[in-house]
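Heads up, there are several structures right after this.
Below are two complexes that have chain A in common, paired first with chain B and then with chain C.
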Partner chain A sequence: MPQFFPKSANMLALLTLAIVALGAGGGLSALLITSRSPYNTQQGMPIGQPVPFSHKHHTTGLGIDCRHCHYSVEVSGFAAIPPTKTCMTCHSQIWNEAPMLEPVRESFRTDESIDWVRVHDLPDYVYFNHSIHVNKGVGCATCHGQVNEMPLMWKANTLQMQWCMDCHWNPEVNLRPRDQITNMDWQPPADAEARQALATQLAEEYDVQSKVSCSVCHR
Partner chain B sequence: MNRTIPAALAGLALLAAMGCRQDMHDGPYLERLEKSTFFEDGRASRPPVPGTVADGELHADEHLYTGYVDGEPATTFPFAVTREVVERGRTRFEIFCRPCHGSLGDGYGTVVRRGFQQPPSYHIDRLRNAPPGHFYNVIANGYGRMYSFNDRIQTEDRWAIVAYIRALQLSQSTPLGDLPEGVVAELRAEGIQ
Partner chain C sequence: MATNVSPLQSEPVIGPNQTYGSVTDKIANICLGKQAPPVFWYIGLLTGLALMGGLGHGALWLFLNGVGVWGLNIPVGWGFAIINFVWWIGIGHAGTLISAILLLFRQDWRTSINRFAEAMTLFAVSCAGLFPLLHVGRPWLAFWLMPYPNTMNVWPQFRSPLVWDVFAVSTYATVSALFWYTGLIPDLATMRDRATGKVAKTIYGIFALGWRGSARHWERYEIAYLMLAGLSTPLVVSVHTVVSFDFAVSVIPGWHATLFPPYFVAGAIYSGFAMVLTLAIPVRYFWGLEDFITMRHIDAMAKVTLATGLVVFYGYMMEVFFGWYSQNEYEQFMILNRMSGPYAPMYWMLIFCNGLTPQLLWFKKVRFNIPFLFVISLIVNVGMWLERFVIVVTSLHRDFLPSSWDMYYPTFWDWIIYIGSIGQFLVFFFLFLRFVPMIAIFEVKHLVPLSKKA
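This part shows the complex of A and B:
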């Protein structure tokens, strides 16, 4: 029986094996990279809204505290999306003829909700509670980023489990004094030693523990 | 040619397809304020039936909840005003009131500088002489162009804000000579005559 495969088949077989191995590795990497990319997480991508509400204008421009609108953040799991009445507290008087704000006025007249687009939406199988985080010294900006510089809202972080865990393994370094929770400009001490001392002191004072059991978030 | 590569690609495509299911991301239950197709008004968060009294929220204490005593604005606070209460009032004042009333309560807040009608200063005789129940009612029910803040500021916090307003009024009307000696020295050191 003559040789069935030509000699070059040896190379072909090796090449095939290499391509399969690389392809599988590359495919998996591509999946992992894609799932962490802004294409999937929408991190850093401004989200359009029915009214182009600017957090930047209302916080940096007017000096309004986050809790003026998100008033339940310290006592409830839900930080509160303000009702139309909250907008109208000021906008019944100022910018009250601006065409841009017509959907707000219409909502107030008709009692129909404004269809705000949710920017930070955790999967339904994740339990999250705002009040426990802010009362333990985790500031708004720690998760939401520099909201005071966002004309339209975007996600500053992925909100993926890996990102949650980075802090849950070692929460101390992300703490700040409770009275600085909504301060967008607060910085930890620049000196590494002072920074660690503050972290340790706040963790002790607020009884902050590393919580990493599955059922803390998946209940 | 063998079939390894197509098989591997098909396997990868399957893996990828598995990762794309979002059923558990957005389950069949409704989150707060989510849109509902079930209710006519499209709201998943339901308003309570009119007349509902939540457990422990009967609000029978007229002084505490209405700010009135025998039909008149209360002239006293419904609970003891401690330093803690005033400091709580300060944080709430700065969150909810400062944008219009200003840090000093003089009515020059940032929103006023942008065109909102200026509210009266707290440092006029009418408001210096107004009883605590008056301020409580303004917070709870609104006044003039000011909307009610009853949904945003809870009962005890409203009184705490009233206590802080009293402190602000004192701060702007107390002669230097009436302050404790140490405080006077501190102010002088800051160059205040």
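This part shows the complex of A and C:
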């Protein structure tokens, strides 16, 4: 009986096997890499806002403390998006005719909130509380990065669960004294031994424990 | 392959006047359409497609609305999904037993039924796999069950039997598929050589992987097949053992029993052989395969059903005994509640189906009465489904705290998905009957020397 397939079919069969193996491996790797990339997490990507509010200008330039606007960060789960009134305490006097700030004035006139775009948006099944972190010595910059260097806001970290867990497994090294919470430039002691001593001392003083059970965040 | 037949066996494993040519002709012609499919095939396939449509409809409704459309609630959080899962997985076990263990024991009667019993295994596992996926509610996240480097820094809970289940069932599906396909290769080459149409020749040719039947091919084939049989053998026991751990590892009365693994494995083989009978009896009748699936096969399968059925019945009796002997009020209540509680009719139907009915198989007259045997096999299938229903529902619906007792009633969506899964099985099986050699041609040829010359 003559062969039904030409001789080249042998090569085709091997090639198919190779393509399937490489395709499966490559496809899975691509998924794992993409899911961690800024394409998925938006890490490091500035987000446009209805008013181009600059954190850099207001903090580094003008020296306003984080808590002037995010006033409930120490006492509530929610750090607070300031109401338009907070903007208007200054902007009714300065830059009060700047076209760029028209949405702020309009919001004040109509009593309609400005539609700020949320940059740090956790999934609804995650319970996150700002006050407990701040009161236990986790600084703003630890999670939000150098906000004082950001004209438009972006995510400095992925906010993926493994990033949360990295700290929750071993929180001590990410602590700072409470009076340095909003200090964007605070650095732990350069000396490794002193750093560890401070970490241990703060954890002891603030009673910081590693909290990793599911229901800490998924309630 | 041993070909000596015990003188005690009066029934032959192959009909009279069969030659190498007639075996190939008969089986290959079914796939090539030279023997027109019986009307039964069209009816079966269309019924299967209609029911499978119900499955699609039910699954869509489930995904749109969530698992709340089922009758599940606390305390019965596991309803039809796990009942059907265990039922289907159990059915698959006969295929593996026939193909692997009977091969190692050199039982030559396996050769005529192993191909479609293995196909039954694959299709049953595919139906079983549906239910955990549907039950997780968000099946597009079902890959979370797999340990992979995820962005959550968490691994599956390796101490949970539900995770063991994922590995047991996926291993089972993979090995069964490999075993079935490896056994098919020589026959696919026969089909490639016999097919006349270009499309059929190409498709059979691709799947035949260039098989030419040289001595070297056969040597490698035999080694590979024996190795796969060795791999499959522990799976016959391990898969349903792990499935039984889903229950036995918990602390619910009626589940927390050391008896569960052997009792589940026996039940699996029992239901599987009943299903092989349910399938083999119409297939041999409608396709005229009485010369290949002889009364010897039917008889042997009925005997295995009886033997495993006795083990299962022993399990039921031991459950009652443990309930009494434990002197534990919850265990005792569980047994009493099964026998006289709101689900008592299900329990007594179960005893009728799995405890009493198989006793008829002691009689040779019954084993040789095809219509009667067919009815018994159906009753056994129903019985094994009822067994899982009784285990799951009666244990959960009245547990330790009477304040949390409640009833479980399946909804329309439970039923449509269950019946739809039977439809999926039928569609796969009827397509298999038409396009794949349903009996291992080259293996049956080993038996040709036993064929009586008239």
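Basically, the second predicted complex is superposed on the first by the 203 of 219 C-alpha atoms of A that agree within 3 Å, B and C clash if a C-alpha of one lies under 4 Å from a C-alpha of the other, contacts with A are read in each partner's own complex, and residues count from 1 in each chain.
Note that a residue touches a chain if its C-beta (ideal position, glycine included) is under 8 Å from a C-beta of that chain, and two chains touch if they have at least 3 such contacts.
All values derive from a computational prediction rather than experimental measurement.
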For A:Asn10, is the partner it touches chain B (first), chain C (second), both, or none of the two (neither)? second
Please indicate which partner A:Thr86 is in contact with in the superposed arrangement: first for chain B, second for chain C, both, or neither. first
Kindly classify A:Gln162 by the partners it touches after superposition: chain B alone (first), chain C alone (second), both, or neither? second
First (chain B), second (chain C), both or neither: which does A:Arg105 touch? neither
Taking the superposition as given, does A:Arg178 touch the first partner, chain B, the second, chain C, both, or neither? neither
Pick one for A:Arg195: touches chain B only (first), chain C only (second), both, or neither. neither
Taking the superposition as given, does A:His120 touch the first partner, chain B, the second, chain C, both, or neither? neither
Is A:Ser35 in contact with chain B, with chain C, with both, or with neither (first, second, both, neither)? both
Which partner, chain B or chain C, is in contact with more residues of chain A? B
Using the superposition described at the top, list the residues of chain A that contact chain B and also contact chain C. 35
Would you tell me which residues of chain C are touching chain A in their complex? 148-154, 192-193, 201-202, 205, 209-210
Mind listing the chain A positions that touch chain C in their complex? 1, 4-5, 9-10, 13, 32, 35-36, 158, 160-162, 165-166
Looking at the complex, which residues from chain B come into contact with chain A? 2, 4-5, 8-9, 12, 15-16, 19, 24-27, 29, 31-33, 35, 41-43, 91, 94-96, 98-99, 110-111, 114-117, 145-147, 151-153
Residues of chain A that touch chain B when the two form their complex: 16, 19-20, 23-24, 27-28, 31, 35, 61-65, 67-68, 71, 78, 81, 83, 85-86, 88-90, 92-94, 112-113, 115, 123-125, 179
